[in-house]
Amino acid sequence: MLPSFGILRPMKKLLNAPSDLVKEALAGMALAHPDLLRVHVDPAFLVRADAPVRGKVAVLSGGGSGHEPLHGGFVGRGMLDAACPGAVFTSPTPDQILEATRAVDGGAGVVHVVKNYTGDVMNFEMAGELARDMGISTETVLVNDDVAVQNSLYTAGRRGVGTTVLVEKICGAAAEAGRALADVAALGRRVNEHGRSMGIALTPCTVPHAGKPSFELGPDEMEVGIGIHGEPGRRRAKIESADRITEMLMEPVLDDLPFRAGKDVLLFVNGLGGTPLLELYVVFRKAHEIAAARGLRVVRSLVGPYITSLEMAGVSITLLEVDEEMVRYWDAPVHTAALRWGV
Amino acid sequence: MLPSFGILRPMKKLLNAPSDLVKEALAGMALAHPDLLRVHVDPAFLVRADAPVRGKVAVLSGGGSGHEPLHGGFVGRGMLDAACPGAVFTSPTPDQILEATRAVDGGAGVVHVVKNYTGDVMNFEMAGELARDMGISTETVLVNDDVAVQNSLYTAGRRGVGTTVLVEKICGAAAEAGRALADVAALGRRVNEHGRSMGIALTPCTVPHAGKPSFELGPDEMEVGIGIHGEPGRRRAKIESADRITEMLMEPVLDDLPFRAGKDVLLFVNGLGGTPLLELYVVFRKAHEIAAARGLRVVRSLVGPYITSLEMAGVSITLLEVDEEMVRYWDAPVHTAALRWGV
Amino acid sequence: MNGDAVARWIERAAGLIGDNEKYLTELDAAIGDSDHGANMARGFAAVRGKLAGHPRDDVGAILKTVGMTLLSTIGGASGPLYGTLFLEAAKVSAGKAELDRGAILQSLSAGLAGIQKRGKAEPLDKTMVDALGPAIRAFEGAEGVSLAEALGRAAEAARQGAEATIPIVARKGRASYLGERSAGHQDPGATSMWLLLRSLAEAAAE
Amino acid sequence: MNGDAVARWIERAAGLIGDNEKYLTELDAAIGDSDHGANMARGFAAVRGKLAGHPRDDVGAILKTVGMTLLSTIGGASGPLYGTLFLEAAKVSAGKAELDRGAILQSLSAGLAGIQKRGKAEPLDKTMVDALGPAIRAFEGAEGVSLAEALGRAAEAARQGAEATIPIVARKGRASYLGERSAGHQDPGATSMWLLLRSLAEAAAE
């Protein structure tokens, strides 16, 4: 039996029925990480094994599936209390978010980390309204760090990409340290304000339900300014060398904040899914060189596929201007499936 | 400028000159993990930041590049003291291995963890002879766990694949715990004897120097019994559902040792590079179910791309029958770029 | 339209959307993320299940069930928006056994207002608003014709509105990330809105 | 052959292997891991660099440099094997300003023995042994002809030996993992061995 299921061609995927993908993956996560997390089936969400933690602010995020390890891989001590996975590339629904919010509220309120996509924003908004009706305090941290998208009041605004991982880590640590709801949310917003990202794709990805690649790229083409949903980027260009591509990503990122000489930064080189680690380190090397030439001090770094777009080949670079507090919370212990240290 | 460099078509890779790939990636690793490791350029190898550790047995591995995070991503406290990366899919040379051996020898000897490929075996053999000539005690642990390959005295024998990661972790922990050279090597051999693996590929990969995919697969085809070097597998088959593929991998693995009811196992579902985490968890779920139905207790698990074949889409499953000592060393603290806990 | 007619409408819509799942996904692939077809099909399949055996005496109750179900099964941008459309319409028609022309107009208008409040889209932003807005105006303007004919005109206006999104540069939703590249493609949400309204017209004509 | 002739050989070999890098890699793609061309080209490019300005008075010393350089630059299976070939030949010819026919035969034979000791391959295992073995036998049997002609016959035997690997099911090296599927393809290492011996014959004929 081919995993084509009503779609004409088989896909190069390890898949049963596309409509079961997220559910089955959650079941796999529950079996692989019983010490870390618990899975709720209907509506679908993940919570850390010891949720709710009494008196602690909870941090919750969610979004379409297909970006793993984001968000489920970040559930655990020192990071997310809950994650709400939607269908592939589809924001979760208000009832998922509401139930997860209720499941993790320890009486100190819940921070919703929301990537700025119309669907995510609206679903979280509705869930937040319902939660407040039930007497749960919630705060929203909206992540919108993608410099490939023009920021404007008249559009959906910038997308939330790589900085999301950093917001989740830092807010999670602050919550674990006993900080109050408003503080955790303010810190998350500060991280978002100081983070900028941009990405390119060398290949498209295939949404299982769609059964064919989201766009077509010639053998010598890449998409510049790609997001994480298989949507086309801002423009198409000829593939260039890794060094040149790194420059093409670093320049708009550096100029946007702008990042000024003498500042401390966290440099995050993220794989979009199908790009080998070897290549990510080649990009990291050049990005580090460019940052240093700009007078920035790279005090922390992260290299790997942390916010992906299924099997898409490509890379995004996130630069976060850090202060002492952010570094402290970045360094704080974390124990999740995808990010772990100090414990 | 396209990264085609004498090759006619550009590749979907983040690459400068193919001949600089490994060198540049090592430079990136050094910049990203200054607290963890140091890079030696000529000959090329990585050592943990505090090498040599006086009085401790050192654990060293190496092999062709293109399998990242293996081996460089496992250098650090509690795992490898050194890694020797060859060119992509090409074993390192004796001088690399010799120099790395000298750099990490703390007086208690050095264990070489060698995947069973003719090239790796011969290069490590020559390096071992040279090291012994210099008065350094070395022991070799040969990993040959791939049940897709017929084991025979008259051939090159089985390949070393997924169990390598487990041998490196467990030997590294034993060395860190102060165990003697012979003990660490004996433990490594015991892990190898109790580990079995098998993999399938849904897509080929492209060696940068070659510039085109190592083999061609039809849109509905997969290679069964794939290794990690882009070499074709044992046979070609039609793509099947994730559950069926998992059965096709688990059955030969389970039957080979054979794994008997009542035993404790570590279940390792490994991505070959281009397969999303979401799909790996779908496979883990089914593999766990099959193991449980066989009466095995999955006491530890690992899910992710840890021993890869560039951007190849596919999965391998490794099952290790563990004893109390292996579990203890598996759980011991480890601090490397790719595997970290307890510290 | 009574409860039976509304249920027939939703049944037809589920069928039409299911038949066009691939088409909607292809539209979304061009300027979005290739999930609109799957999202709508999942939502309407769930609604179909919920309406089987649902009491038919209160149109508002039916519409509320539809809205709640879409809200909790579609997700994405279209989930809250289609959910809101039906929930707002349900408020207007709560307790009614039948909707006359005025009530239908009120319901659709309340739905549109809800969509615009939730999504902040203006006409010509290249969204589902560009199908629903013209449809409501056509329905309102269709005086002196039968209800079925008026709804037929509304559906036709929705079709034209959806088509008219082609040259627009998107300012809302995921398509806005493409900037100028979003021009030249029909908006998926406007297209599914047309299918929904076509089903309504067909149900009324039955 | 004196030191100059040996240096010319290696120079020619580097050129021929460089020209055939892609071909060797393609052979390796079929039954191996697509790196044999790059491996050999990298090794011989390094050797070329090392031999520029190398003293020519001691053939053994030249061969030793070649062997050490190949050993430390090729890697993979072919690195230790080609390295061993030259290192064993170097031992036999150490201190000699010139190799006569007997010394050449001795050197090649010592090289083959080294390769077989290191790699444990028997004839017809589908390896470089299947080119070198027949070449040595042809060279030994070519009595009453010039050195250049005798080496020409050796190269031709190597070519035939490489071709004869096509139907063989591999029992050594990476190709053995393919089992029956390895039949029908020419062994890359046997092919590079033929190129090496062809260069030797050409250098002798110059």
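Which chain is which? They are A, B, C and D, in the order written, and residues in each are numbered from 1.
Going forward, a residue touches a chain if its C-beta (ideal position, glycine included) is under 8 Å from a C-beta of that chain, and two chains touch if they have at least 3 such contacts.
All values derive from a computational prediction rather than experimental measurement.
Engineer: Common contacts of subunit C and subunit D?
Structural biologist: none
Engineer: Find the chain most remote from subunit B, comparing centres computed as mean CA coordinates.
Structural biologist: C
Engineer: Looking at contacts between chains, which pair has the highest count of C-beta pairs?
Structural biologist: So the pair of chains linked by the most contacts is A-B.
Engineer: How many angstrom lie between the CA centroids of subunit B and subunit D, rounded to a whole number?
Structural biologist: Computed from C-alpha means, the inter-chain centre distance equals 31 Å.
Engineer: State, to the nearest whole Å, the distance from the C-alpha centre of subunit B to the C-alpha centre of subunit C.
Structural biologist: So the centroids are 53 Å from each other.
Engineer: Between subunit A and subunit B, what is the gap in Å from one C-alpha centre to the other?
Structural biologist: Taking the mean C-alpha position of each chain, the two centres sit 28 Å apart.
Engineer: Chain touch graph shape: choose line, ring, star, complete or other and state it.
Structural biologist: line
Engineer: Between which chains is there touch?
Structural biologist: Here the touching pairs of chains are A-B, A-C, B-D.
Engineer: Give every residue of subunit B touching subunit A within the complex, in rising order.
Structural biologist: Those in contact with subunit A are residues 1-3, 9-16, 21-22, 24-29, 31-33, 65-66, 68-69, 73, 202-203, 219-220, 238-245, 273-285, 288, 298, 301, 303, 305, 308, 310-311, 313, 315, 335, 337, 340-343.
Engineer: Give every residue of subunit D touching subunit B within the complex, in rising order.
Structural biologist: 25, 29, 31-35, 37-39, 42, 71-81, 118-119, 170-174, 176-179, 181
Engineer: Help me check something: in the complex, which residues belonging to subunit B touch subunit D?
Structural biologist: It comes out as residues 18-19, 43, 64, 86-96, 117-119, 122-123, 125-126, 148-150, 154-156, 159, 207, 209-210, 212, 214-215, 227, 229-232, 234-235.
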